[in-house]
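So, here's a batch of structures to check.
The following pair of complexes shares a single chain, subunit A, combined with subunit B in the former and subunit C in the latter.
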Partner chain A sequence: MTAKRLRAIALLAFSMVFLLAWAFPIIWSVLNSLKTDSDVLAYPPKLVFSPTLEAYRDVLFGSGSILPNLLSSAIISVGTTIVTMLMAVPAAYALARLRFRGKKFAGFYVLATQMLPPVGIIIPYFLVLRNIGWIDTYQGIILIYLSFSLPFAIWLLVSYFEDIPFEMEEAAYLDGASRLKTLWLIIIPQVRGGIAVTVVFVFLNAWNEFLFAVVLSGNTVRPVTVAMFNFVSVEQTLWAKLAAVSVLAMLPVVVLGVVAQKHIVKGLTVGAVKGGGRR
Partner chain B sequence: MSGQGQVSFRNIVKMHGEFAALKGVNFEIKPGEFFALLGPSGSGKSTTLRILAGLDAPTAGRVLIDDKDVTSTDARDRDIAMVFQSYALYPHMTVAENIAFPLEMARLPKAEIASAVHEAARKVKIDHLLDRKPGQLSGGQQQRCALARAIVRKARLFLLDEPLSNLDAKLRLETRAELKKLQRSLGVTAVYVTHDQEEAMTLADRMAVFMSGEIQQIGTPAEVFARPNSIDIAGFIGNPPMNLVPARYVDGDVIIAGHRLKTTTTTAGERDVVVGFRPGALRMTEGGLGARVDLIEDLGDTAVLDLDCAGIMIRMRVSDGNIPGEGETISITTRPQDIHLFDPTTRMRL
Partner chain C sequence: MATTVVTSAGIASEAPRSDFGRILAQRERRFAAALLAPAFLALLATTTFPLLFLVYTSAFRMDLAMPFTNGFVGFENYQVLLSDERFWTSLLVSLVYTGSTVALQVIIGLALALLVIDMKRGQGWFRVIAILPVVLSPAVVGMIWRTFMLAPEFGIVDFLAINAGLGSKNWLGDPTLAMVSVIAIHTWQWTPFAFMVLLASLASLPEDIYEAARLDRASAWQRFRRITLPLLRPAIVMVVIMRTMVALTAFAAIFTVTAGGPGTATEILNLYAYRKSFTELSIGYGAALAVALLIVTIIISGILFALRRAK
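The block that comes next holds the complex of A and B.
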């Protein structure tokens, strides 16, 4: 009994330490965002301070407001997510279901594109965009994001489609449904968990992307990740503002995560139990 | 009610690479008939059903429904309803939505759909479950939901792919009887795939027995039972199956373990044969074939005896009150008309 209790306590303590290590950057950001610049730089760090919303006021309504940047990020992320899903769902369905020449190769190719280190292709991407005049445009940055979000989304979705029994589709054909209607009315409702998971990941990747955004855009199109970078300069780093923007930039993703949580949990456990993905 | 539901398979071949799943299958199904495709697994019966449904295309041959060539017609344009072994219910839809789906695809008016759904659900006794999702139903209820979805459309052909195999034994027997009544009352042509010969025997008006990609016999269950075409069918139909014993044929008699039995054949001559006789066709008699009782399986009203006749295993069905003891030696015989003769090389009936 006592041994069991001791073990439970040890486990709890261990978990707490682990959790704290993980949560620390987020907690620290939130705390810093509520401090004044001098409080941020105080050494040793001040644990007790009078919280202020000054940093938030500055970054939201000051001269360098990040509201337009949040809007930019939203346009890019939502645009990328919509276009990705519109293309990935039919592609994943085709890879999961149809028999065609080169299917294996196509499946591998999709995965192989994920193996390229982004920094290695950033110059070619820049040249391509410059040649078609899409540098620093929404369509340009969305196009580039598609090149890695699409393979990722397809690859993720295929496994969900493969979980749907063939017979269900055949039943729909015999009931008089076309292939497209079957996909729309029978298959997609059953992979909505997988679609939710994919949407969250694609949105998250686009929202947090920095490297491509900073090289391929930055003036007209300036997502929040690039805007944040302006708080870091050679002379100084505006820690409180940086922290405030970080917290603000985190919010949409957190909201999306909470909204989709029910589906995500279901989506992630698909295949664990036979038929677990259905409903 | 559209069409009549007459089916004709003409020389259907299905190849999977080098493997011939169907080697030239021919049969006709009459309108309103309950037709069973019976055979062990891998014999081609399910492939045949899938080709009829339009879910697989034959490599060669033609499929005719109501005298119209449908070989290259899409599944959804064939006006065929099917019940799958797994039921293939749509898990995200309620029972009512599941049943309504084929009608919605046919763009029927809402009011008509609603009444048809209720009617179909009532026929299979699930009208109290219409708001449930398939996941909330028992196996038997799911099976009924699949049946309702198939009958709601009044299609000209009704295909069933081992629909009872996922039910427990008691429910299977009940549903079997109901299925037959349902088919009779609807007057629809039904094609039923099963590996269970008892199901085929009890349900079918006629049946086709499949063996390794070919139909070996077509006929009423009684015909197939009474005159099996081949050794394989003889060993497949009937429970327990027919005794099949290698023997010598001499001028109208067969000699088994030194004992002569009369047959109905009268041709003179001598040859090796395989003799078949049903366990139920054996009688105990004086001066017959001597056999030792190895094992008794008591089934209540009858018993099945495993007999050893000089090294040959023979099974015999006896009725209650007449059961010898284990280890006892008895003497058995059978009537000439109950003896079936097969060629040991071609395996066909003589």
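The block that comes next holds the complex of A and C.
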């Protein structure tokens, strides 16, 4: 019995180590964001210190404020989410519920587009956007974000549309409602939850994107993931400020992640059940 | 007309040869086409068109720094690529990075899921904390690790290394340690993904098989080897496929930490294609590298899907 107990304690300790390992870098960034630079650089690392909001005040309202970058991230993410949903909801409904020739191929195509490495998309798109003067524009970056947000949103929504009972639609048709009206008034309200989950994940992926953003950004469009580099240069690192910016960049996605907690496994594995997929 | 029954979603008819049924089916097709058109046009424009243009670009010399040398070169970029040592190195780095991160994620994730599934209390903590790394931007994760975790002396990892008697290490400056670091960072961020998926899968396994096995006095190892592992196989293969695809095209968490360095020690093929195109401005050759990456991706996923179908 003691051996069993000892084993239980060992397992508990082992699992605690992993919990700590996952949470620590995030907690540590939060702590560092509340320090002065000299406290960040202290050796041994300080766990006890007098907290200050100075770093936040500097990065938000000081010179070189990152408020425009947070706004930039927000515009990109909200814009991508709106355009994606406007296109993905009808497409997902058609793929889930309607009968037409080539449906299997259409579904496969949506999945297959995700095989293309992002770097293979950005090289030609950089050339195209440069020619039409769309580098450093919101329309340019939102357009290219559709390459990953659309397939993801379509597949996630298909799984929700497939759960609605067919009888609902039948009843509407028998009442003489048009297809569009049925979709809008009967079906869409049924998948409100699924749409909300999809919105969360599309927003999250757009907020976190980096490769396209780093190539296409400039003075106008500069999301916070790219602007973060202002705080680490060859000459010096602005430690506390970098921590504060990291925390600000993490905040929205952590909140969304915890809110959408129950759906996260589904959101992460969508599409994979049927074929391939990424992200 | 009596045989025409509106079965599901107004979909047609048990007797499709009847006029009514045919009209319904046709209307449904048109409706579907209208609904699909915007999304499919967008996908054509943002994925299929770039793919074709990428392949086209790879047949050109396109040097933004030296535009006077630009022109059609046919397969020359690919010939150069085959004898480019940096390409083969980056391919090897890609394979090491992908192989080790995926293996670590699955092994640690599975071990942890097996541990947590039997916990009476505290499961909720794991479920919440596991979410944190996976929702973060790899760019932010890379930045945090590069500074607050791996910086010499006051970085926590280095601090622990010093206290463990290993001494302060140049985690990102030494080629081997830099590779270990970027692998560790990717594993840190994505093991929770494997953990969550496998935990969900474990929770859905039928309890009665285990009861029967216990009655048959099967040992814990036998239960794992003969019951759990085969039942989990689809979930494990799915995790392997998804994580392999992501690791092959990992970018932000390497770019922000080492930018492929020191030298080319952590330069995976994806990063090489990026650096060639946007740092060295050799876009034609960069395009050829991206095509090579696509081919590697297709070959590896082909192998993985074959594995999934096997048995």
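One rule holds in what follows: the second predicted complex is superposed on the first by the 235 of 279 C-alpha atoms of A that agree within 3 Å, B and C clash if a C-alpha of one lies under 4 Å from a C-alpha of the other, contacts with A are read in each partner's own complex, and residues count from 1 in each chain.
One rule holds for everything that comes next: a contact is a pair of C-beta atoms (placed from the backbone, for glycine too) under 8 Å apart; a residue touches a chain by one contact, two chains touch by 3 or more.
Please read all numbers here as calculations on a predicted model, not as lab measurements.
In the superposition on chain A, contact is made by A:L150 with subunit C only, not with subunit B. Between subunit B and subunit C, C touches the greater number of residues of subunit A.
Within the superposed three-chain model, A:L204 lies in touch with subunit C and out of touch with subunit B [touch as defined at top]. When the two complexes are overlaid on their common chain A, residue A:A249 makes contact with subunit C while staying clear of subunit B. Of the two partner chains placed by superposition, A:L60 touches none, neither subunit B nor subunit C.
When the two structures are aligned on the shared chain, A:V78 is found in touch with neither subunit B nor subunit C. Touch criterion met: A:V119 reaches subunit C, while subunit B stays clear of it.
Contact with subunit B, but none with subunit C, is seen for A:D175 once the two complexes are overlaid on the shared chain. Of the two partner chains, subunit C is the only one touched by A:P45; subunit B is not.
Of the two partner chains placed by superposition, only subunit C is touched by A:I26; subunit B is not. Comparing which residues of subunit A touch subunit B with which touch subunit C, the overlap comprises 170, 173-174, 278-279.
Against subunit B, in their complex, subunit A makes its touches with residues 165, 167-168, 170-178, 181, 185-186, 189-190, 275, 278-279.
The touching residues of subunit B, when paired with subunit A in their complex, are 53-55, 74-76, 78, 80-82, 84-86, 88, 90-92, 101-102, 105-106, 133, 135, 149, 153. Residues 11, 14-15, 18-19, 21-26, 28-29, 32, 40-45, 86-88, 90-91, 93-95, 97-101, 103, 106, 109-110, 113-121, 123-128, 143-144, 146-147, 150-151, 154, 166, 169-170, 173-174, 179-180, 204, 207-211, 214-215, 225-226, 228-229, 232, 237, 239, 242-243, 246, 249-250, 253-254, 256-258, 261, 264-265, 268-269, 272-273, 276-279 of subunit A are the ones that touch subunit C when the two sit in their complex.
Those residues of subunit C whose C-beta lies close enough to touch subunit A in the complex are 6, 8-12, 25, 27-29, 31-36, 38-40, 42-43, 45-51, 53-54, 57, 108, 112, 115-116, 119, 122, 125-141, 143-149, 153-154, 156, 159, 188, 192-193, 196-197, 200, 238, 241-242, 245-246, 248-249, 251-252, 255-256, 270, 273-274, 277-278, 283, 286-287, 290-291, 293-294, 297-298, 301, 305.
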